[in-house]
Amino acid sequence: MDSLHARYAEVRQHTLALAAPLSDEDCGAQSMPDASPIKWHLAHTTWFFETFILERMERGFAPFHPAFRILFNSYYNGIGEKHPRAQRGLLTRPAMSEVRAYRADVDARIGRLLASELDAARRGELAMLLTLGMQHEQQHQELMLTDVKHLLAQSLLRPAYNEAPLPAAAAAAPLEWLAYQGGLTDIGHHGDGFSFDNELPRHKQYVAPFALASRLVTNGEYLEFINAGGYFNAALWLAEGWDWVRAQNLKAPIYWFQDEQGAWQEFTLHGSQPLDLNRPLTHISLFEADAYANWVGARLPTESEWEYAAVESPPAQMFGHCWQWTSSSYAPYPGFAAAEGALGEYNGKFMLNQYVLRGSSSATPEGHARASYRNFFPAGARWQFTGIRLARR
Amino acid sequence: MDSLHARYAEVRQHTLALAAPLSDEDCGAQSMPDASPIKWHLAHTTWFFETFILERMERGFAPFHPAFRILFNSYYNGIGEKHPRAQRGLLTRPAMSEVRAYRADVDARIGRLLASELDAARRGELAMLLTLGMQHEQQHQELMLTDVKHLLAQSLLRPAYNEAPLPAAAAAAPLEWLAYQGGLTDIGHHGDGFSFDNELPRHKQYVAPFALASRLVTNGEYLEFINAGGYFNAALWLAEGWDWVRAQNLKAPIYWFQDEQGAWQEFTLHGSQPLDLNRPLTHISLFEADAYANWVGARLPTESEWEYAAVESPPAQMFGHCWQWTSSSYAPYPGFAAAEGALGEYNGKFMLNQYVLRGSSSATPEGHARASYRNFFPAGARWQFTGIRLARR
Amino acid sequence: MDSLHARYAEVRQHTLALAAPLSDEDCGAQSMPDASPIKWHLAHTTWFFETFILERMERGFAPFHPAFRILFNSYYNGIGEKHPRAQRGLLTRPAMSEVRAYRADVDARIGRLLASELDAARRGELAMLLTLGMQHEQQHQELMLTDVKHLLAQSLLRPAYNEAPLPAAAAAAPLEWLAYQGGLTDIGHHGDGFSFDNELPRHKQYVAPFALASRLVTNGEYLEFINAGGYFNAALWLAEGWDWVRAQNLKAPIYWFQDEQGAWQEFTLHGSQPLDLNRPLTHISLFEADAYANWVGARLPTESEWEYAAVESPPAQMFGHCWQWTSSSYAPYPGFAAAEGALGEYNGKFMLNQYVLRGSSSATPEGHARASYRNFFPAGARWQFTGIRLARR
Amino acid sequence: MDSLHARYAEVRQHTLALAAPLSDEDCGAQSMPDASPIKWHLAHTTWFFETFILERMERGFAPFHPAFRILFNSYYNGIGEKHPRAQRGLLTRPAMSEVRAYRADVDARIGRLLASELDAARRGELAMLLTLGMQHEQQHQELMLTDVKHLLAQSLLRPAYNEAPLPAAAAAAPLEWLAYQGGLTDIGHHGDGFSFDNELPRHKQYVAPFALASRLVTNGEYLEFINAGGYFNAALWLAEGWDWVRAQNLKAPIYWFQDEQGAWQEFTLHGSQPLDLNRPLTHISLFEADAYANWVGARLPTESEWEYAAVESPPAQMFGHCWQWTSSSYAPYPGFAAAEGALGEYNGKFMLNQYVLRGSSSATPEGHARASYRNFFPAGARWQFTGIRLARR
């Protein structure tokens, strides 16, 4: 087994490991249109390899099941029809056992394709597509955790995904401001490693001098914002954020609640826990992040500032805690060109009314993120592992 | 085991038998807010016995699980909080295995209660409540079939609930009109047998002379209505029905569709089938039933007419094929009084903006229905086994 | 001018008199889809005469304006297209001056038609249609007052439609129960006078013995219900009513509010007034009426009971104060047949999910109502002059 | 009368002139929540001077009417309560005559304030606020035309705002590509003239070499896109745009329609007109603009590119035809700081999920726009005078 195949097997196996603590029943439910059932993630990531690799490159290709082409297509209009997104939770058929068989079948066929004789061009294309598929599957690995957390949070029983105890966070260091010089800089991916198309092309950006917070905002700091009436002070919020927060009568982050004694609790993948004041705040919308930044007299960084700092002299907690909202709308870099065909729908068509997040979270697979990585969500998204890195002049 | 206990065991066992062809995954999904997951039906019917019998009569009562009181309460405000109806499909916990254990536990405790020493008054109350609980469970047995049919119909795979072939219907007899004299009649349940509170009190109604169709309307007859443009002729429809049919752009009954050759198919519990023109039409809203009746120059019967005929000299197909829409709104009989406490919510509070159906369907459990039985649904309901019995002067 | 013409002129004049206190600006606005602008009422009632009389009977008929056929058609599918109901407030053209000219033109042409030579059959048809048109216009006269009241109530300025002071109500008499024998009775219009088709045919109904309250429920009595927490007690409400009242967080009748000192005020056509505890309660939905009746251990009358009493020995306040909700859904009388053609849409197609009101209100034109008159609205309607007459066994 | 006062009088008079062709009825209606009645524009612009100048600077200030503070507040939370935006069409009171009196009263008081003795600081503040108020009123002058056009377009009568004939456009010149060098440039307002806060601070931006189209896209060019199926080709649209266009089943720009012979017409302020193929396309959403640009293999410019070109060597039709969508989301310039207090709500809080438009339109008042001016609307806005300037590398 060559190293590409080994890497493939490892990624695929990790996906199954993430589903392992869950019953088949758990894997079928969809808690909101933005989230997907675990079963659907398992099948869609497999569909990606079948559709974009086997269908192109396998001799005598025949689909595992003809209906899967529709059922597990997420948003690729170039491929054809799609099962309605909001009804993924109704797919009790195929059963989990059939989806597992689908995964095994595609894995075996990918293995045979890798072992077959291919000319250099075809082998290069295969390596490129396999790598894209693995990166794609890693993105879904994170979504599996955000989606199952959202599902379990709907339950009165507040079940834990992970029965192990949640370790306490270390005491938060004092927040300091790290100054950056800026100037005319190069932004975007470079080098030989993998990147998504939205990180390219590398291009020049002028970045004015700025400062970045030495660490993420903590739960304890955000609690002060709540206690100071932050959720009820219109002056702190964007107009759309104020409508959003009042229409839903929000008073705290999505997974925070007060117990009968008024003590703050947080629902986590380890079940409900007393709020840990030292832990980096997460599950925050851009609206909340922006209001908090206004309250402390700071602002969110732009994505260029964030990337510049991450390369120059990164502060603590840039990766592995939570994604950090930037004030940058998700837009094509100058000279961006989407790929030909359906794969060109991967990123480009979402570049509107979404905002860029940088870094990575505790749910991001090892080795997936990098300084040029651009994650993106609408301003009201709260079920992702998203937090706040402050910036100022 | 006395006969009441035997009857109880039989009803409870039948519920499990209805769920037997389904996987745990199938049992968890909810296809629309009006329908419930099979797992929820299994638990709610058990909750009914636990809440209305064990909680009142069991010595040292302790609930099987305290959260179940909320999770499986359907609509009894007198009992307290309820899990939101539209989110029953998110209850991946408790697992099916736990719900089966819940059923077994309640069944055992009911058995012990029946075997215990009780004075005559308590025994009478127990028999009354057990009977109500069994009748309630039988109602849910029918809903399990309507709800699972609706769920399976959402699937591109169009899976069959029952793999056995669906037998063809016998040729439909010519439709004839049976004349009834009417007069001052007694309507409502009488005698010693069980009835729901909404069938009482028996009271006088004046019924003018009328005629009833000798059988139900068939699929073939309804297809003529479709082919004659019935769905696009405003003059045939109630104002609200016309808005309803146009807003959804309806063209046929809910489970009818045309295959690629234009041939009509019907989705059934046995999977998709060529439309059987002889079979009584079913899954029809009151709006469609009323428009059809207008088209043939007839009308729907009132519930008094239907009951009078069912007692006097019933036409064919009154029971066991499909529920028959009447033109009567669901209203209390003169002198109706709901029971005290939460059980009083069983029927009375729904007596508004719903219409009465009479008879029973192919999905109604053996022995459940009777001439005075009042089923009821809103005018737009289509997922029940509902059809058309015509009437005229 | 013959008496029919004189009556016509009087009705038409009264409509203009109702609009007289309002500016052209007031006449154009639509406060909700259920209400219409005054200008639209002025035009639609004129359209009715033009469409159903002049278009049929006028030699060389040409419409006043071809677009008016669409703009001022309310709901007659048989006539053709309609301007969308919810956008009647956008009809700034035609101007009020043009609508007044439209009225004058149609009035003149009706006058000429009446003065022309017609055979007896034609003259009879004309008299029948003119009478229907006048009755129709009288219905809109009441709607003009309900709709302008709703519009003015939206204003922070709380302007008065009528600047004259509102006289205080006389002290309410003690509420007594009047007993009625009932039996097999005749219900529906009889005699030579005008009636709408929905009051026919006269038919037999069995009415069990019952009692009716000697007067309407007062504001003061309803305030006790509010103070006793009636709006927050689920046990008093129909299921749909409870959803309705909680979804909107209702706490009082639509035009009641508390001033800064907590004193109850009521918005009236005479502007805001201190709540008059002696005045018959009005602007109540069926949901509220039913909950109140449950609270006092009574119920609403059926429409047969109401009509029987109104003929036999009517209690006080049956007419001229407010319409009285009955528990009867609006349904065709046995043998009901709608008229041929578009006029058949007048009543019949609305006989679903609406409830019958009997009597008449302070806004009903003199001489318009009668014992057999059937008004109808959905259970949640609150902007009409609707109140409560209690009944019991 | 000094020049500031003269300028004030001129701006205020122009607003009244724009309303002159309209009746009081026309001035009251609101065709959608995004648009406002003309009467509301007349009052709100007056409210701006009363609230931000007279209330601060007038000795013994008393409001013209206390309720106007709420009724004509658009979105300033710092001022207090607001009349609900979607219900501005229900404000039949105050009458137009009262709003005209309000305008005259505020104008007189502003005149007296200008004529009073003020120290230099106060006079400077007054001049600054008056200038802001006039610029604000000019923005509403354009909105009056977009909003009344939208209102009149709802009418079956398709009335003209301007009865004069619409002159034909000159033949469109061939579209050429003008190349720009770019580099590290200064973006944002500079100099002594007025600018809004969102044009500041002037700051450095790196602009890569690019080309701009020599003129705007014409109706004729866009018609080719329609005829080529552009509205039905998912590959051309942003994901959100595709959902938007299909959900509404859009097939052409908002004011385009085909007559009974299939010929394209356009509704204009001069009434319906045959589509003028030479005229610059307008009333286009960003979604449509982006799809069109994709179809011709070009893209929209960034706002920096647009401003750079406008300063360096502007192509034709940059100003006075229609606003030009850019691909830039509306965001604060580096170092942006909103004003203190309620005036700080003018621009900053809208910097999310909106896109920048540059240039000016045929409806923009003379002298209002400039190269650094930033207009902004959500991507789906179509009722503004918005068109397409293409860019490419």
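As written, the chain order gives the labels A, B, C and D, with residue 1 at the start of each chain.
To be clear about the criterion, contacts are C-beta pairs under 8 Å (C-beta built on N, C-alpha and C of every residue); 3 or more make two chains touch, one makes a residue touch a chain.
Bear in mind that the values here come from a model prediction, so they are computed numbers and not experimental data.
J.: Please give the intersection of the contact partners of chain C with those of chain D.
T.: In this structure, no chain contacts chain D and also chain C.
J.: Hey, which chain ends up farthest from chain B, C-alpha centres compared?
T.: Centroid comparison gives D as the farthest chain from chain B.
J.: How many angstrom lie between the CA centroids of chain A and chain C, rounded to a whole number?
T.: Measuring from centre to centre gives 58 Å for this pair.
J.: Please work out the Cα centroid separation of chain B and chain C, and write it as a whole number of Å.
T.: About 37 Å separates the centre of chain B from that of chain C.
J.: Which stretch or stretches of chain D touch chain C in the complex?
T.: 23-29, 31, 67, 70-71, 83, 87, 89-96, 151-152, 154-157, 159
J.: Taking the touch rule as given, give the residues of chain A at its contact with chain D in the complex, in rising order.
T.: Within the complex, chain A contacts chain D at residues 75, 77-78, 184, 203-206, 208, 234-235, 237-242, 286, 302, 327-329, 331-332, 334-335, 345, 349-353, 379, 393.
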